[in-house]
Amino acid sequence: MSRLEELKTRIKEALPGLECVIGWQKGYDALHNTPLFMRSAEDVDKLEWGALNVHNPAVYLPTMAGKKVGVVVKGCDSRSVVELLQENLINRDNIVIFAAGCDGVVDLTKVKAKLAAAGTGAGVVTAVSADGKTVSVTAGGKTVAMPMAEVAADKCLRCQYPNAVLADTFVGTPAPQPTPVPSANADLDALDAMSVPDRMAFWRYHMDRCIRCYACRNACPMCVCRDHCIAQSREPHWLSQDDSVTEKLMFQVVHAMHLAGRCTECGECQRACPMDIPVLALKKHLNRTIHDLFDYQAGVDAAAIPPLLQFKTEEVNIKERSW
Amino acid sequence: MPVLTGKELRIVGFLCNWCSYGGADTAGVGRFNQPTDLRIIRVPCSGRIDPLFIAKTLINGADGVLVSGCHPRDCHYAEGNFYARRRLEVLKRFLPILGIDPGRFDYTWVSASEGQRWQKVVTAFTEQIHTLGPAPRFDAVAPELLAKVAGAISQGGNRVAA
Amino acid sequence: MAAVKYISREKLPEWLKALAAERRLLVPVEEGGAVVFRAYDPAKAPVFGSDATAPPKGSVFPASKELFSYTYGKEGEDAKPTLTLDPKTTAEPTVVFGSKPCGARGFLIFDRVYMGKKFPDPYYIAAREATVFVTMACDTVENTCFCHWVGSGPADPAGSDLLLTPVAGGWLVEAVSAKGEPLLASPALTDGAAKAAEAEEVKAKTRAALGEAPDISTSKEALLARFDDMDFWRDQSDKCISCGACTYLCPTCYCFSITDEGSGMSGKRLRSWDACMHFQFTLEASGHNPRPTKAHRLKNRVGHKFSYYPTLHDGLIACCGCGRCVKSCPVSVDIREIVQNAVAKAKA
Amino acid sequence: MSEPFNPYLPEVATILETVQETHNIMTFRVRFDDEAKMAAFKFGPGQVGQLSAAGIGEATFVINSPPTRMDYLQFSVMRTGEVTAKLHNLVAGDKVGVRAPLGKPFPVEDLKGKDIVFVGGGIGMAPLRTLFLYMLDNRADFGKIRLLYGARSPLDMAFSAELPEWTSRTDIETTLTIDREADGWEHKVGLIPNVLLEMAPKAENCVAITCGPPIMIKFTLEALKKLEFPDEQILTTLEKRMKCGIGICGRCNIGSSYVCVDGPVYTYAQLKALPNEL
């Protein structure tokens, strides 16, 4: 039995005791999968497993508090579940986690670039097939074969947890941990190489096209303030409605700082951005800082206390300025 | 009388009520000469300072931000400054990735009796900001610089050749 | 009948430069992987192939617009308070070049609301009248395109002033409004009569590629019939993350917020894009919210476009079928599917 | 050439007087600074206006003075949010912005010759006050007029300065009620719908006009149905969050009806025909 078929079987078994199980199904075209809320056996038959399951279903869990729900996770998604548990934002007794080994998911932005380079477009895709090593996309009559290493999401290229860090039901054989690829942090490397004024120009350039839709925030499983985000409140009045880069960037700072020590780098913020703004680089940088300072990684240990919610009287890695 | 010659810059100080605000007061009462660029905002504790206060201040054009609280182990609320230290250090390391010079922000600890230390801190920090000069602004980045960074990250998107 | 012209790819920059010399010229350009409308820069080639990521909505309806500035003061010996309000309704003459027909057609939905008889909107009217749309008919159709569902098509001239159709070596240029004709005066344009047949073929071929549209003519009643069926709306909105991508990228979404921004004695009142998908949109000061969940809000969004607006405006659907809400949605919520589900359920 | 009419631009007005009605309701009497505009200003009872505290924002309130008394426009503001908090800090002489009139008034012409029962609860008395006073100023045009006005306690009763006149007039019948016994209270005690049932107004040739908090409206409507008032003879006013006030911005719509232009006055029959989203 394939991983997918076994998942379906196990979910069907569990479904009667659950409000729903969240997974993925085929979307409006061959290139897009979309989150699936399984409430019946027929729903479960729509379940997909593979490289197009780009979304992090953990984002829905805090909104379903009080209901017993199931969730199908990739390794990275499971870290969000763990982080939510760490922060008591979901109740372990109300969550049933289904998982299987993950061979990586695509970054649709990279796929679009490949298609554009081949003289076709993501809007005319008619077929997609993936075998773990290569993704073949047929669009506008052309089939473009893309090595997975070139179109996988950055997080997959340096994935430490291809298998869920926490699961109630794990099906199939665990996936091997991939060897990190240097290009996994191309964005952060590029920023590191820049001068400080160039970085200001970089954010000015990219944030200018932000439409302030807050998809980055709403797709983020750790953005749990939801309807009460300070970005949209008048009291306190953190952001104005001015269409200015400073307001737009300030929101990214709000998002990043509120994620300090909590971000599992699932990449949903950047994936969700309809304007392709490289906002994940800010979180990557922050996570590196958190790791350097506190030797900590979010969402791997449900019992761990996030580093900014604790302290040491003598901090090992903080060297203060002497005046 | 400003200690430093030249144009005054805009520096915002967030000082805790129990130690550093007292320290600044001690410096004033002691008539220690200090630069006048700093505008002080008194907060209950350095632990009250949301790093976003500092980020917003800098993004919106302040030339520098100085935070000062009680010395570690001396916090009026026992541990506020221990939490603050972690947050402020994270922020300090975060600012440069945004394009804000890390020298524009610093944090320190000054007790209510340390008038002279306050004088030293505020003078050194103000000098540091004057060395950096007025802060560049996000909304006034030169077009050449924008063109330079436009291709820094190769991205795909839905670009299709014309 | 206005003259039919032709512009070659080589001559296009010449025409663009001429247009840019006299007014603000907005063209689609690539920016970090997205395609957005920006002021024309001869050093940067416009991107005409695929539809822009964001439509040219901001050309007439900016993301944020100052309605007026305010200043408090004091006057006289007794320092009586004063309040001065200073509105700016003028707009800059603009050409939007290279939008797809759907992007330009979106403003027809705006027009009925902003140019109504009772409260004509001076800011919108000034901008609308100052803006000319040079539109490019489509020669490819994307999976998300559904303009033919909503009474439009890939070469729909409605809302445009000039219509360009891709032909070998360049574009056929037709004036489709009196406002567009003066733009044909450039010497970069040549007579296009010889290319007219080819252009018609392109139009017909593209239209044929879209196929048949399903019948959604009952959407008005079908969606109202589902109004109280919250299980239906839960199913439709389960995966929605309640962000504003669909609304902000929609050429027809015209809702807005009004907020005051200022400090001290002066400031401004802004009108800015707002999204009915956000919780805060209808949140009342008392804490009551008539649309408290994403299911309520998605219901309003779909209902507004396919039921309430057509009810008020002669059956016109407040959607131009560009498909941006589908392709830019982080979780691929598909408005076509929702409307069809409602229509199917009403029939059942 | 003169500027075209700008529906977003408030008229600058001066606060002539403020009245602290209750602990959280304050009444503002304002006049436009432009006397010509004030003289030309026309509105119908029930129409609303947007009061601006420039720098904070705008909020919608009914003009609760009647069009028959144009010395000033009166608004009564309950402190609930950012704008109302700011308004409560203003004093006589301060400037506000006013965008009015917005919305549709009560169908005054249709009410002529009819008996009228006003049922107001708390701040819901404000929209009734404008029509009530209009009727008093045109007393001969209407039949029997009854007012039932209730609040939680005597201290929560707005327009207290006017209550002695309302209760002592003989050409109207005014009933005041509070929810629970209170020292020195000489009027009724009881929930509005119950008092209304006691009053038992006859539905024939009578229109009931009600406004108040949602829960009161709900039970008042039930009481009116018990009294056999047809849906067409019940009027109420709705409250919704509004920004533009001119039917565009998309907040206040219930289906295709925009409360800011099609309302805020609806008959119960009209309300029932709307989708259920209050």
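The first chain written gets the first letter, and so on, giving A, B, C and D; residue counts start at 1 in each chain.
Methods note: contacts are C-beta pairs under 8 Å (C-beta built on N, C-alpha and C of every residue); 3 or more make two chains touch, one makes a residue touch a chain.
To keep track of the chains, here are their UniProt names: A = 4Fe-4S dicluster domain-containing protein; B = Hydrogenase iron-sulfur subunit; C, D = Hydrogenase.
These numbers come from a predicted model, not from an experiment.
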Subject >> Chain whose Cα centroid lies nearest the overall Cα centroid >> reply: C
Subject >> Centroid-based (C-alpha) most distant chain relative to chain A >> reply: D
**OP:** Can you check how far apart chain C (Hydrogenase) and chain D (Hydrogenase) are, centre to centre, with Cα atoms defining each centre and the answer in Å?
**Re:** 38
Subject >> Between chain B and chain D (Hydrogenase), centroid-to-centroid distance (C-alpha), Å >> reply: 52
Subject >> Separation of chain B from chain C (Hydrogenase), taking each centre as the mean of its C-alpha atoms, in whole Å >> reply: 43
Subject >> Sequence positions of chain C (Hydrogenase) contacting 2 or more other chains >> reply: 31-34, 49-50, 53, 257, 259
Original post:
Where in chain D (Hydrogenase) do residues touch two or more other chains at once?
Top reply: 57, 82
**OP:** Return the residues of chain B touching two or more other chains; collapse runs of consecutive numbers into ranges.
**Re:** 150, 153, 155-161
Subject >> Footprint of chain C (Hydrogenase) on chain D (Hydrogenase) - complex, ascending >> reply: 3-10, 12, 54-59, 80-84, 93-97, 214, 239-241, 243-244, 246-251, 253-256, 261, 275-278
Original post:
Can you list the chain A residues touching chain C (Hydrogenase) in their complex?
Top reply: 20, 27-29, 32-37, 55, 59-60, 109, 112-113, 121, 123-125, 140, 205-206, 208-209, 211-215, 217-219, 226-227, 232-234, 240-243, 268, 271-272, 274-278
Original post:
In their shared complex, at which residues does chain B touch chain A?
Top reply: 51-52, 55-56, 59-60, 72-73, 79, 82-83, 85-87, 89-91, 93-94, 96-101, 106-109, 117, 120-121, 124, 136, 138-139, 141-142, 145-146, 148-150, 152-161
Original post:
What residues on chain A touch chain B, complex-wise?
Top reply: 109-114, 116, 119-123, 186-187, 190-191, 194, 196-205, 238, 244-246, 249-250, 253-254, 256-257, 260-261, 276, 278, 281-282, 285-286, 289-290, 292-294, 307-308, 311-313, 315, 318, 320-321, 323
Subject >> Contact set on chain C (Hydrogenase) toward chain A in their complex >> reply: 31-34, 36, 49-51, 53-54, 62-64, 140-145, 235, 238-239, 241-245, 247-249, 257, 259, 261, 270, 272-273, 275, 278-280, 326-334, 336-337
